[in-house]
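What follows is a short report on a single structure.
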């Protein structure tokens, strides 16, 4: 018996090593371009053309200073945080309610509505640009953040709805039914039973919604018409001008855009696994 | 009790923050009684030019306190989407600094005001005679009207390493034959130096550097009447040009092997690294040399316009200022563009990034700034007098917007370099695409 | 298996249930109605028009755009085929890597938090920046990849990542995979987190190995999430535009010109928006057919 256990732990140890190795390799591929960008941002631009991989000989923060002093990077960044943050709240909320409805209430036409949501994504976005511009202009939301904040949840709806619907589907109904028999309303059972065990699902759609708004370019390009209102991708695109890429501005900006997000996700990622400890479903 | 209360507080806070932020977004600046002009530019990028532009506008506002001009520089390569969407939404800005053919494309859609009165005035006051060459503004002439006024040039040049040329005891080449000889002679794989580098990827720039070779060989895309003759009347000449340009990569193999994917940056990097003797460039290479490789700059010269089998010509594209038909203040907008194109007015822009933007007025070149830098001087002496547009020898042809935009004359170069088509096939395939653009615009206008 | 509650006095309960069900969909409907439905139908109906220069804008043209699209547009069908290959390849690779990574991240190991946040990084970089960085990574002379491979002594000649048409197609697929794998990883990880431990314990009692429980517990229960995420990813892959437009411009020799690039050029350079919309509609129909078929299997699992 104990012999078997030893064997098992050894096997387990080997497995753990393998998991680590694979994860480290994957992380290497994921972060190398970004780390390289960060490294290049603190060395003279002429060292970009070495054709060899070396560590920087001299560190220079001149380009960071240039970006911060001479461009509106900070305000682009804050604009993006605001737009993406608000769009995420709206999008997660409406996605969760719709997903819950589709999963539990099975109203006539619900499934068809879900399929229709997919249709939104199937039509090439570049062709939606002109009609959407006209619509947003009609609403008087042209050149406002509100226009983007309202638009982005519409773009994320298909994923948030379908994802959460699928997620809610996996939660056994017996839990709610038991609660309902005890006299709880659907709202109570949604808030007290479904939401706590849906942490990972909610976090996933929130991250997705945030990053869609964070990265979105073409709609922001046509809808924003004042420099002060630009979001980050628009600001960064201005360094990739017709006259070539301004590496001296792009590299530090890209690094500064990625770093806070990394730290933010470091804090956020625990929500991705919250369901494990939430208890309700745990056997 | 604790967690539930906390959650409630959290949700309340979240809602509150959202409301505050939403309210903040909807509160926009109060409109003032002044005239507000919107000005979109596709060329004022980067802190240096933006600072120069801001100073110019400050000066304008001091002189014209009642006419406010706010400019927006349209970022990145998606300029066209932004313009066409705004045009469809009757939301074009009052004043536009656009790409070469945007003025005519938008004029086709009925979105631009004709500027014939400015031209009439200019021809009287002698301003027109002061423009570097006639093609710089003839390209804005279409259907009996002028749709834009010239305000800056974007020039294609060939940069070369004087030191490498001297080492081989060669004179500065001025003809195709000498150019070829010099490139082959300076190619030095042992020292990791390529004879020539240029961008041959599927990008607009590739087509734009094919233009000088075509016109030097006596070819071109259009004829004098603006008819498409790319692979018909001009087939032989264009074939000669295409073969000459690509032979450096396909026959002599003196270019970096990867040029088939290069955009301008990628190729320029090779030259800036000191790893090419010759390089086909934008005028902007001068700024990059001066800022990124000041040590290399003295060893570099700009080649005078090459003499091909038919002519000595170079490529320079004049960009327009124009006024949109959506404007409520055409007179104020005109006043502004006239002010902006006054003699010497935009010199600060030309100085902020040397070589990136070039004046359209001959008199502006008298500024000692151009004499004092050997690279700028090379261009003024050897290239500027020979520049022609991509539509040469045709006058204004709006279809060039689509032909350049969809990279139709970059395609043959790219096809041949990557070995996907023979030069003959590549030209014919490109011609077919261009023909489609002409057919389409003919059909829509006939109806 | 999971039957609806059918009890006594169902009629009233049923009505109440529906009312709440619709009420919950309502916010989502409001956004769809307010912001997307009009543009969507306008975009689709544009395909029946042709742009007339001279200020009159789009004029009704019947099926003319579709006729010339089906009759004579070889470039469109080539781009369609290319897009199809692109979509299948990217979705398959992204799904497989995503599944592998989410399985790894789902293990009970130390430092999961760091791995999770590191693996998310590609996703936070805006696409236009991704494209510029990768064009530089792939540069044949100065790019990181060739420099690294040369430095390690693995290659003597630089690899032409982007200028060889076939290799370029693979290279751009790699960039898409790099960018979108985090999405798939996180989504599948969330799906795995939602699987009740009871199932695994039951499997363990039955003597299943961890591989067997992955095969017979994880995968089947992951099906709804997998189907949603792969379906959406294939739609995104089909419509993908910005990375390619900056990275290769659709070259070399049109090897990476996807439908979306053809559509963009037609709409914004040739100003032939009607024709571009017709292209978009043909693509839409194809995708819709695919999605309906795909979702049938979802309906089967959910039943």
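Read from first to last, the chains carry the letters A, B and C; within each, the first residue is number 1.
As a convention for this text, contacts are C-beta pairs under 8 Å (C-beta built on N, C-alpha and C of every residue); 3 or more make two chains touch, one makes a residue touch a chain.
Bear in mind that the values here come from a model prediction, so they are computed numbers and not experimental data.
Trainee: Max contacts between which two chains?
Mentor: Counting C-beta pairs in contact for each chain pair, the top pair is A-C.
Trainee: Of all the other chains, whose mean CA position lies farthest from chain A?
Mentor: B
Trainee: So what's the Cα centroid distance for chain A and chain B, whole Å?
Mentor: Each chain reduced to its C-alpha mean, chain A and chain B end up 36 Å apart.
Trainee: Provide the C-alpha centroid distance between chain A and chain C, rounded to the nearest whole angstrom.
Mentor: Taking the average C-alpha coordinate of chain A and of chain C, the gap between them is 15 Å.
Trainee: Would you please write down the residue numbers of chain A that are in contact with two or more other chains?
Mentor: Residues 48-51, 126, 130, 134, 217-218, 237, 240, 245 of chain A touch two or more partner chains.
Trainee: If a residue has to touch 2 or more other chains to count, which residues of chain B qualify?
Mentor: If we look for residues of chain B contacting two or more partner chains, we find 76-77, 81, 84, 88, 269-270, 273, 275.
Trainee: Quick check on chain C: which residues sit in contact with 2+ other chains?
Mentor: Those would be 128, 141-142, 246, 264, 267-268.
Trainee: Quick one: in the complex, what on chain C touches chain A?
Mentor: Per the touch definition, chain C meets chain A at residues 2, 4-5, 17-18, 20-25, 27-29, 31-32, 34-36, 38-40, 42-44, 46, 97, 100-101, 104-105, 107, 109, 112-129, 132-134, 136-137, 141-142, 144, 147-148, 151, 178, 181-183, 186-187, 189-191, 193-198, 201, 221, 224-225, 227-229, 231-232, 235-236, 238-239, 241-242, 246, 259-260, 263-264, 267-268, 273, 276-277, 280-281, 283-284, 287-288, 291-292, 295, 299, 302.
Trainee: Which part of chain B faces chain A closely enough to touch in the complex?
Mentor: So the residues of chain B in touch with chain A come to 14, 18, 21-22, 25-26, 28, 38, 42-43, 45-47, 51, 70, 72-79, 81-82, 84-86, 88-89, 91, 264-265, 268-270, 272-273, 275, 282, 284, 288, 292-293, 353, 356.
Trainee: Show me the residue ranges of chain A that touch chain B in the complex, using the header's touch definition.
Mentor: Contacts found on chain A: 45-46, 48-51, 66, 70-71, 82, 85-86, 89, 126, 129-130, 133-134, 137, 142, 144-146, 149, 217-218, 221-222, 225-227, 234-235, 237-246, 249.
Trainee: Name, in rising order, each residue of chain A that touches chain C in their complex.
Mentor: Contacts found on chain A: 16, 19-20, 22-23, 26-27, 29-34, 36-37, 48-53, 90, 93-95, 97-98, 100-102, 104-108, 110-111, 113, 115-128, 130-132, 134-135, 150-151, 153-154, 157-159, 161-163, 165-167, 169-173, 177, 186, 197-201, 203-204, 207-208, 211, 214-215, 217-218, 232-233, 236-237, 240, 245, 250, 254, 257-258, 261-262, 265-266, 269-270, 272-276, 281-283.
Trainee: Under the touch definition given earlier, write down the residues of chain C that touch chain B in their complex.
Mentor: Residues 50-55, 57, 59, 128, 135, 138-142, 157-158, 160-165, 168, 245-246, 248-254, 264-265, 267-272.
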